Every structure is written in C-alpha cells, then in structure tokens.
Amino acid sequence: MNRLPAIFLTLLALGFALLNAYKLMATPPKDVVELTVWETFNPEEHRIFKQIAAEFEQQYFQKYGKQVKLKLERVPFDGLMPRIKYACLAGAAPDICRVDNAWVLTLAYGRAITALDTLPNFNSTIEEVEKEYVAAAIDSNIIELVDENGQMKRHLYGLPDQTNCVALFWNKDLFKQSEEELRSAGLDPERAPATWEEFERYARVLTIPEKKQYGFAMFNSLWWSLPFFNTFGAEFVRTSADGHVYGALDEEAGQKALEFMTRLYQSGVEAGAWRTGSINPDQGFLNGKYAMILSGPWNLKRFSMVNFGVSLIPAGPAGTSSNVGGQNMVVFRSSKHPEIALEFLRYFSSEEVQVKWCETLGQIPVNLKAFEKVSTANPHLKVFMEQMKTAKPRPKIPRMDVLEEKVINPAIQLAMQGDLSADEALRRAVDELNKNYLPLIYQTQH
Amino acid sequence: MKFDKVKLRESVVSYLFLAPFLTVFVVFLGYPALYSLYISFRTAPFSADWYNVFGSMQYVGLANYRELLADNRFWWSLFCTFIYGLVTIPSSIALGLGLAILLNNKLKGRNFFRTVFYLPNVLDLYVVGTIWVLMLSPNYGLVDVLLSKLHIHISGGLLGNPWTALPTIGLVVVLKGAGFGMILFLSAIQNIPESVYEAAEIDGATAWQKLRYITIPLVKPVILFMIITGTMNALNAFTEVYAMASTKYGYGGPFIKFGNESVGATSLSGLYLYLIFERGEYGKAAAFSYLLMIFALIISFINQRFLRTEK
Amino acid sequence: MASVQLKNIRKVYDNGHEAVKGASFEVADREFVVLVGPSGCGKSTLLRMIAGLESISSGDLLIDGIRVNDLPAKDRDIAMVFQNYALYPHMTVYENMAFSLKLRNFPKEEIDKRVREAAEMLGLLDYLDRKPKAMSGGQRQRVAVGRAIVRRPKVFLFDEPLSNLDAKLRVQMRVELIKLHHRLQSTMIYVTHDQVEAMTMADKIVVVNKGEIQQVAAPIELYRNPINKFVAGFIGSPAMNFCECSIKLDSSGALLDEGTFKIKLPPERVRSLKTNCPEKVLFGIRPECIYDARATTPQPEATIEGTVEVVETMGNEIFVQIATARNELTARLSPDFEYQIGQRYRFVVDVNKAHLFDAVTEKSLLYDAL
Amino acid sequence: MRSLKDFFVYILLSVGAMLSILPIIWMLVIACKQQGQALRFEFLPSTIGISQPYSIKVGGKYNTVIFEYVNEDAQTVFVKAEFAGDKEVEMLSEGQGIFTARFEGITAGQYRYSFLVDGEEVVEGNGLIKVEGEYSYNHPPRNGTTATESSITFRFRSSRSPVKAILSTGQQIDLAGPDAAGYFTAQLNDLPAGDYSYRFEYARSWTEGLAELYTYKNFVAVLFNKDFPFLKFFLNSLIVATLAAIFTVALCTAGGYVFAKKNFYGKEVLFYILLATMLVPGLIFMVPQFVIVTKLGWINTYAGMFVPHIANVFGLYLLRQYMETIPDSLFEAARIDGATEWQQFSVIAVPLSMPIMVTLFLLVFVGQWSNFLWQYITNTPDSPLRTLPVGLALFKGQYDIRWEQMMAGACFSVIPITILFLLAQRFFIEGMTSGGVKE
C-alpha cells in the first residue's frame, strides 16, 4: 500500500516531463515565405486544392523568383467562425481563409480582413474585377462601408472560390409510383413542376400518409426561404427616393411567399422537416420519403443511390429564381504578405484553375470565362449553372446573421406553425431590421 | 488580533500545500472571473476591431444588467431553466433512488446491472444527444414508430413540439445520468444499518413506509447534493439543447410566441448565454453569467435552508 | 527516564473558551500519573498539550527540566495511545508498529527486533500481518500500545485508552497496563474519566474539573482526604453522600443537625474547624461507613433513621438507598440483613470517617494536609 | 413470493438497462452500417437487392468507354484517362467495392489510363485501353449493359435468380440466365432514342443482404485514413486526459487535505470564494483563459489544453468532504510518530483517500476526453496535438455528416473510458461513499 503514493508521484513527474516535451516546431527556412491557409474543403476537394497550391508555389517562384510555401490547414466547417474570432483576439489569424459568403460582411465590419483593393498589387478597379466573375458569386465580396468622411465607399473584401444555389430535386421513382394518380390529376409524371401552382398539385398527389411519404420537405431559414421570396418577387430592402434604405419583405409579395410556404406545411404536403428533431430534407430524400426537396449541387454525389432529377425552382409571379451560397477566400488584416495572398486568390479563381477544378469535381465555376468554357457531361450540374443566372444573393446588412437567428427564422417558423399571420411575422422582422440593424450601416466608421 | 504561533505555522504549511491549486486558480479562474466582472460593465461597439475587442470596450455602467433584466428572452430562458430543473431534478433523484433500491437487493448479476446503468455516464453528451435525435425523429425514428403503434401522435414529433421538447430533452439527460445518482444513493443506503430496518419491520412498517420513513430521511444528504448539482447543471445546460434542439439555422428548439418575442421552447439560460457569447457580446455575456451566479447562490441558499440536515 | 513539569499552563481557544485554567503539577520519573475528571473537564486538552498536539496558551511545560512549549510533537520524544487507537487502517500491524521507527530512519534489523519484542510482550506475534480492520477491539488496543512501546519514549501518554472496550476486557487490559508499567519502568501519563481506573493504576492522581486541577495526590490519600466536595464525590463508588446541616461547635466536638437526625463529631476530628466555622456545612459520609443499627451498639448521636427505597444486591454486599425527609443516602452494607422496601430502618454512621465541607465554597473543613 | 418479486425486479432492471444503453447500441449499429445507410430505418437485411440507378443513352452514335475498378477497401477512386485529357474523374461507387465511370463519344484508338485509389496511383496491366466499336471496357464488367440505335441489352452478374431490370419508363423485364460466366441478360427492343435510366432488382441471400447493409469497413476507414490520423488523435486524447486527471487529482488532493484537516488563517473565506466560482457559468472564463494561454505561448502544447482546468473546485470539494471523514487522531498519531507535514499528507492522507482520488481521476478523465471546444481553439488546425473530438469534427462537413465513420470513431472513443471505468469500478463506488474511512 505504501507504493501507491510513490506511483502517484512518479506519474506526476512524468506529467511534468511530458508537459513541454512536445512543442510544435514551426520555424520554416528563412528564405521561404510561409502563408497559412485555413480551408474547409472536403477530402476530395482538399486533394485537388493541394495540387493547385503546389502549382501556385511553382508559378510564383518562376514569376518572382521568391519561394512561397502555402501551409494548408483543414478546419472543420462547424467551428470555423469561433476559431477565427479567437485567432484574431490572440493575434494568430491565418493569412488566407476560406469562409462562407455570408461571413465576409461580418469579418469586414470587424476589420478582421483586408480590403483587397487597397493592396499595392491590386492593379485594376473593383468594377473590372467584378466583371470577371459570376455576378452572384462576387456580390458578397463587395461591401460598402462608411469612410472617415462619412462617405459610402465600395471595397472588395475577398474573391469567390465556390458558388452554388439550390434547385428542385425530385425523386423519379416516387413520381413513377404515383404515375396514375398524377396523370388523373392532369400532371406529367415524367417531369418536375414548372410553376409553384403546379408544384402544389404535384406535392399533394405525392403525399401518401400511409407510406409516410411526403410531397415536399424544406428548411425554413431565411436563406432556404429565399427561393420562395425571390420567385414571388419580394425584395428584402428598398432604397427610397431620398436614399433611405428600408426593409420591404413585409410587402405583399413577401406575404404571399410566406403564406404559400405556410400552406404547404399546414395542408400536410410539406413534411415539417424544418422542425427540430425531424429527419432533414436531404436525409428524407435519400430514404425515399420526400418526393421533392430544394437542395444544392453539393448533394449530387451523395444522392447517387436515388433515381432523381434536378430542375429549376418552380416559377412564381417573378419567374424562377434561387438563393446564392458558396465560399469566398479572404485575406486577414494581420497577414504579413497580403500581396502574395491576393496573388493566390486571383490564381485560384482564374479561368484555367476554375476549369480544372470544376471539371474534376463537378462544381459551378465562379469565373465567368470558365463558366462558359466548362463542359460538363453532368446534366444535373447544367441545371444548376442555368439556375445560377437567376439566383439572387441575400442582402448585405450588418449583423444579418444575428437578425436571422434572432428574429427572421423564428418569425418564419411561427408563421408556418400558425402562431402568427404571415403579415405580422414579416412586419416584426422588418420593424426590427429598420430599428436596430439598418442604422448600423451609417454608424460604422472605418 | 493576536496570532497564535501554532496556527501561524499551520497556515504557512497549508498555503504551501494550496500553492499549486491557488496559483492555477488565480491565473485561470480568479483573474478571468474578476476580468469578466470588469467587462460586465462595459460593452464593445458593433464595429469593434476583432483584433482588439476588449480594448475597444467602453464603460456603460449597469446597462448590460439593465438590458438583460428588461429582456423578455432572458426571463423566458430562466423560466425554461426552471421548468427544466423541475423535470430533471426530481426524476433523476427518483430514478437514482429507485435503481439504488433495486440494486441493493442481493441479486445475482447486480454488478453487471450497476455497470450497465453507469456506463452511459461516460459517454459524450453531444454524441448521446445526437443519437437520441435519430431515435426520436417523427415518423421515422424508433421511439416515434413505437408511439404510433400505441396510437400516440405528437404533432411535430417529441422534439419538434413546444410542449414536449424540453421534457424530452430532460428525460434523455436524466436517463444518461441515472447511473451517477444510483451510485450516490447506493452508497448512502449501504451506510444505513440493517438494524434500523429490522426495528421498523418489528414495528410493522410496510415496504413503502420503510422507504418513506427510513430510507428517504437517511439519504437526505444525497438528495440535497443532487438538488444542488442538478440546479447547477440546469443553469449551465447547453450541450444537450445544442445537440437535440438546434438546427444549423436556429437554436433552442421549436419556437413559440412569448409576449412580443418569438422564443425557443428549449431556450435554456445556458444556451441563451452561449448565443450572446457567440455573437461577441462579451460584456453582456459576463453580466448574464453574474446574474446566473446570483440566482444560483440564492437557490443553493434556499436549498440549504430548507433541507438542512441535522448532524 | 524523564520527568514532566507543568507550570501554570493555560489553554484559551480562539472563541475565548478557557479549557485549562492554570494547571501546575509534576510527574516524577517512572511515575504513573492519572488525570481524572468528568468528560469535558479539560484533562484531554492537558494531555494533548503535553503531547504537542495543542498549543499552550501560557505557562511552561518542562520535560526533563527543558522547556518544550514550542517543540513539535515529534521532537518531544513521547508516545501516545489514543482512545480510538488511531491505527493506520491501510497498514498491517507490523507496519503500524514500525512506522515511527521508519520515519526516524532506524535500521531495518533494529526495527524488526523492536517490533517483534513488543509484539511478543503483548502477545501479538501471530497478528503482525493483519490489518487493523481484521482485529478485535482488545487486539487493536494492544497494537496501539505496541506502537508506543517500540519507540522507547521518555514519556507515555494514554488518552482514555480503555473506554472503547467492554467491561471485562477493560479490567483485563488494566492489569496488563499495570504490569507493563512495572516492566518498562517509564513515565506514564494516563487520562481517564473512570475513577476506578485512576485508583487502581495510578501512583499519583490528578483530579481535574472545569479546567482546573482540584487535587494532586496518591490514590489512597485522595480517598481519605479529599480536598473539596468535587473530589470527594468523584472518587469512590458509590459516591459519597452529602447532607446539608447546621453546625454547633463546643468542646465535646461538633453537633451536626440535618433536621431529621443529629450527628456528633468527636473533637479530634473537628480540631481544624475552631478558627473559622461557617453556619452551614455539608456533611459527607461514604456509603461504606454506614452500618445497620442492628449490627452495632446503639449510638444515638450517630444514627440516621430513614425509609429504604431501593435495594441493589451485589452478592457480597448490598447497596441500600435510604431516604430521610430531606436527603437520600446510599449505604454499602453486608447482606446479613434483609430490608423491606418502604420500611423504616435505623443506621449508624462511622463518625471518625465523616467529612465536612463548607456549604458555600465546598472546600473541605477537615482537610489538614494543605 | 420471493422468486416472483425477484422476477419482476429482473424484468424492470433489464428494461431499464436496455433503455439506458440504447444509445450505445444504436451508435454501434450505425457505425456498422454501409456508407449512406446510417439514417435509414432499415436493420434487417432484405433478400431483394436493388441496384443504384444507371443512365444510358439509346440512339447514341459514339464510342462509350466503361471503366471498372474493384477494391473493397477503397474509399474514393478516380480515373485518369488520356482521352479525357488526363483529368481526374471520380468513379461512382456501386457498393461492394465496385467503382465505375463512363465516357461517351471517344474516338477509336489506344489510350493510357490509370486509377487514383485514395490518392494513390494504380496502373492496371499495361495501363492501356483499346477503344473500338460501341463499347469498350478495361475488363469485363459486372454491369455491362449496352444500348444500340433502339434497344438496350441488360447484363448483370448475380449469384441467384430472378433478376429484373426496371426502366425509368416503368417498363420491366426479367433477365435470363445465368450463363457460364454468371451473367443474366435480356434485351429490350423498339425503344425511342433518348436518355433512359434503369436499375436492377435481384434476389440475393440473406448474408448478401446483410453485407449490403452492414460492414466493418467504417472502423478500418477511421483507423487507417491519411486525412485522419486516428491513432495520433487517440494518443493525444489519452495523454491530455491523463495529464489533466493526474494534475487535477494532485492539486485537489493537496487542497482538499488542508481544507479538511488544517486550521489556517482565511480558510472559511477562501473556501467560500472557491465555491462561488463554481456557480459562475464556465463559458465566461473561456476568452480570458484563451488570451492567457496565448500570452504564455501555450498554443499547440499539451499544457495549454489542460492546465487551465486543473484547479477544479468541485474536485477540491469532493476531496475535502471525503478527507473530513478520516479521523483526526490518525494524523495526531502520525505527528507523534514523527511524521513531517508532508509525510502526514503522503503516507496517511493520500493512501486513505485513494478511492475518492480514483473517482475524481475518472470524472476528470471523462470530462477532458470529450472536451471539444477548448482543445479545438488551443490548437492550430494542423497541430500534431489535436485530440479525438477535434479530429472527429472533421467528419462533419458543411452539408453532410459522415455518420457511419463518425460513430465508428465515437465507438473507439468510448473504449478507453469503459476500460478505465471497469478497472476503477471498485474504487469508484467506494469513493462515492462519503463515510469511506472506517478503522
């Protein structure tokens, strides 16, 4: 029994020994410039990205005779934002980071990232750069800020590296199984609905309670609702004649869109997949329980077990439209070599790299020239590239993420649950927007 | 004050023993706690520099506290926490005590059962939570399938229905933690002398009376301990709600109307605090924490008052 | 070996409670001194101060003439046996006994020799590998004593070592401890609340009450000449009887009047009273000094008449409780006579062994030693 | 009577036990499922297999090349073919380790090709494929369905009949066979030109169905994955959790000892201050702690990951409560026996508090083992010191979660804790008994 304390003390000593036995050796050779890149690519993308980074290093050396090393670090997508926050606090931010397009604005307001147009080697105008990229993809990178003179000024805060939107996925097998019923309702089982009106009729037929099958399933956050709002012609904000910006989602078009979403759920054709604890649309679609969902190109591979088709978002009063998702690359203010970072961003979004990237991985290019050039055998991807043309990004409003999470998403949900009228739900959101968020645009001094 | 030489010497020795603990405590808990108190009176402007958030904070007096006390969501989160505590604390006590009584019998394989009941305790709450989400999902989950066999239909599913979401999460947590309570009670019960039960038997007590008049009063310290730790767990509850009642697009589970606000039916104060914190409103988060601490102090004080055990 | 001297030692706790109020006495070399008193009287505190477990608030403690007030326990060269034995539950008997020697870096062989010696002395040789949990109370007590013996300390301290044993074992252990003292010939200080232990074991008894030393004396002296009512009542079993009386002195002695009986004390017994005599006194008489009137010649001025209320039969003797109109007295009588409960009987007291105390100060009026 | 009661108790306990370990069982089941099957409510294998949908063009007038690669252990396979400009094209997984890719409209000729199996290049034979006629293969494929101007010839290898092909138009046709090579075939004629999709329905044995549903591969994939150095993560977790537990126990034991057994200036006040911090939500300490850890240069060190948590007030409280039950006289006896302050602690207090120390060790170990956020932020993304929870988070992408592998990883992460608990169980139960020390 007397040995126990001895063992304990030995372990303690061992612990002390181990404490600093391993410290990360992170000193690169002196003549090599090292840039840290944080990325959230999946394993397959990561592999290609590694090749591209290596090619960039080579090219840069040939061009400038300077050795550059890109240190690629994979970060789990979920914890990226807090990680960036802490890294900034600790002065340990990376040089380049791949972030969701919705976050660029937040990072810009927090002065965490550099405006690329202020860098010495940015030898063109914002407008010129803008024209090189798919409009929906570059949009989230251009942010207007108030400068010290109180003037609004446009800045470019990042470059897109991946863009996407959602379109309508439909399960061909389920359509086939309900062939007779669809035909008797005057609907063609061989194609997807083209308008919302048609969509509702399809969905009704495809909802079969005894099989626990639903015609449709959706998320109901603002981003996922944008296909509805956009096709109904709703505007998020408008600028009045005197230049005053105000929220406009509660106008009639917005109300109609939300009422439509509500009707889908309350009439039972939508599965309620947005409710907590429910099987989400993707999973239900995979399991053959949801006949139609909205989803993006990221799921094309995952859905290979399903016999599905992709078509444009059904048209509403304002035609077809979608939302814009995707990732941008930004350069952190603390970077010691922002010009090299900019060089890499330009390289990665250049025509040739984008063509290679998108053809290998089956993605939508962000570079306009590549967009026209990418030949894809994948018919589904073609639909997305078509949909991209009508996609409308979400508005750029300071602290939009907070507004969404705190006000808009709950309001939409309450409306769909029937606890609020569409009118009231949207008015709440807009009131809050007008009162506490839009004024922030003018308060910020940079 | 006259210093007692012996006590002085003992104090020196004591502080030597305490030195490692206190050093780490001061650096990593004491200082942060005081610093948090300091920033609870400050707030960062919306456009604070991310590289210097703390430096750009400005003194605002009690504004953070006032805002919270005037915030319906704050009170709602406390209410949720209260309900959550009301669900979890008594049921974990009952379950722990029940298991302990069953396993105090001289049964074959009781060690096996003890291990099995304790095992879920060592699992990560987040993992357990996500697994339960899968089992509870409406229409397709195991539990819902069983419920519909019994012709019980819950609109939106157990986790999607505002009325059932919080209790369900509570029960999952109780089930996971049952083993811990079991062991606490088991040890307390094993300390009760057999003769007390024999005396009760001679006095003609039924099994229920023995439980009511002997076991429960004698395990009261454990009950008190469980109430206090349960309260603290409820006040800090975050992972379970994060795992079971949050989507990527909203935290705190099915939303309901509360006055002029929409609030999550499972928006516990721990979760609400986390959201404020995640948004970078460190001043407000600090104020929140200190308000929670005050509540915790009051609750433990009341508990101790009412459940004080005679020694 | 060693002597222990206490000079006006006081103990005041943080909360102001004064546990020991100036204790002074001396323990000579090889003496067996027992501190006795009711529980909470401060005798244990006194012992713990000698041991070095409690700080001494004021006064001097000398061991072998050297002041040790500020010496830590381990440097005082004392050994102590605790009431609850304080055996280390995680060590075997051997380890328990060897512990103190090990801490003092004794060579292994020496430790082994001493432990075995002590174990043999105490009959513990068969139990050396056992843990305390697996032993009976008496055995544990022996181990505790053994642990003290192996050290060969200057002074042994015992803190009510027998109180956790049953009555029979207690008597047995008592004898063994006495034998041990004879064998070891070392200084021992022993605390107990049991006056029988004190009387049977001590060379010298220190009676303590309410933090004050009442009397220091050899057992028989204490029995014969208690200094005050407390000592008189505490020593002896059954306890001494006390009756409040008025007193009248004259040349033929002192006449005590209880109200229901009168007792005349002979002049040689009350010689010391002449100078100052209070009006009210306590008449004290030990139970064994009361006899049945039928067995002796009538002595009207030493006779008590009372109702017998309780009779306790011991076998070789009986204890009878006698009630007068004002007082109750216990008498220790031979079983030659039978007593009917509720009947009145007459008893005679041995006036030569009577005690008198001041009714107010409770000091002995007859004690002349001091 | 007695046995009836026991019977009920057993029933009750068994049901409860089932319920309480249901998540663990579920975790195991999911970990054993085939990729993509995790969330399907399907546990019993069906004897009818349904292939994934394939698409085919009827009326195409060009050469089609079909590549097939079979490797049961591969996760992703790409093909690089000369005719496609040596681009990497991902091959579709058809389950059971079969990967296929189709190329259409290839001019006749001889081309180089190679596979990239989980990032490693594999060359088959001479690495050449000859394209001539309507269909070319790298080797005879399992699914060799071909189309002409107006017909489709279905070809499917299966171990038993019947095999049925279902066309997207709803047409169904039973395949005849098997031939010598084990193929079932059928021809469907008079089809209008256009894109078709089809799938096969085939009979299979129960074990084949089982294999379709379950696999051990997820465990292999987690253990041996280049992007995911599991063993390293595991080891780091083990080291961090062990160090955290050892240091916490050491500090709390020393602290608990003086609070239980010593009388010193400031004891009460200090104790209440310590207890009060226990009531403050832990979240609030995180940012200041992080800043301090950064200032100390502890990013990417083991120290940074656990030192801020070793002053565990709850642990101190537990130890104090337990040590208060050790009789004072033991320490007094030790003092008289000549023990120094340190010896009183190390030789009396520590051995007697072993049960509660083991308990605390276990509690801290478990807590640290599953601690995600702190270990995540105190390591840079590529740190070699990343721990298991941080590593497991990599299975969670922006849009999908690899449930099967994540659960397989979680299974592994439960193992050390379970072993530890089983080893320490005796102490643990004793440790929770507050009246622990009996003489």
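For the reader, a short list of remarks on this structure follows.
Going by the order they are written in, the chains are A, B, C and D; count residues from 1 in each one.
What we mean here is this: contacts are C-beta pairs under 8 Å (C-beta built on N, C-alpha and C of every residue); 3 or more make two chains touch, one makes a residue touch a chain.
This one's a predicted model, so the numbers in the text were calculated from it and none came from an experiment.
Within the contact network of the assembly, the step distance from chain B to chain C comes to 1.
The chain with its C-alpha centre at the largest distance from the centre of chain C is A. Closest chain to the protein centre (all Cα atoms averaged), using per-chain Cα means: B. By number of C-beta pairs in contact, B-D leads over the other of A-D and B-D.
Chain centres here are Cα means. That of chain B falls 28 Å from that of chain D.
If you average the Cα atoms of chain A and of chain B, the two centres end up 35 Å apart.
One finds 91 Å separating the Cα centroids of chain A and chain C. Multi-chain contact residues of chain D (touching two or more other chains): 39, 41, 250, 287, 291, 351.
Shared contact sites, meaning residues of chain A that touch two or more other chains, fall at 1-2, 82, 89, 91, 279, 287.
In chain B, the residues that touch at least two other chains are 7, 54, 140-141.
Chain B contributes residues 4-7 to its touches with chain C in the complex. Considering their complex, residues 327, 329-330, 332-340, 343, 348, 351-352, 437-439 of chain D touch chain C. Residues 36, 39-41, 52-53, 76, 87-90, 92-93, 104, 119, 168, 170, 195, 197, 199, 227, 239, 242-243, 246-247, 250, 287, 290-291, 294, 299-303, 346-347, 350-351, 354, 373, 376-377, 380-385, 390, 393-394, 396-400 of chain D are the ones touching chain A in the complex. Those residues of chain D lying in contact with chain B across their complex are 6, 9-10, 12-13, 16-17, 19-24, 26-27, 30, 39, 41, 250-252, 254-255, 257-258, 262-267, 274, 276-285, 287-289, 291-292, 307-311, 313, 316, 341, 345, 366, 369-370, 372, 389, 410, 413-414, 417-418, 421-422, 425, 428-430, 432-435. Of all residues in chain C, those touching chain B in their complex are 14, 54-55, 70.
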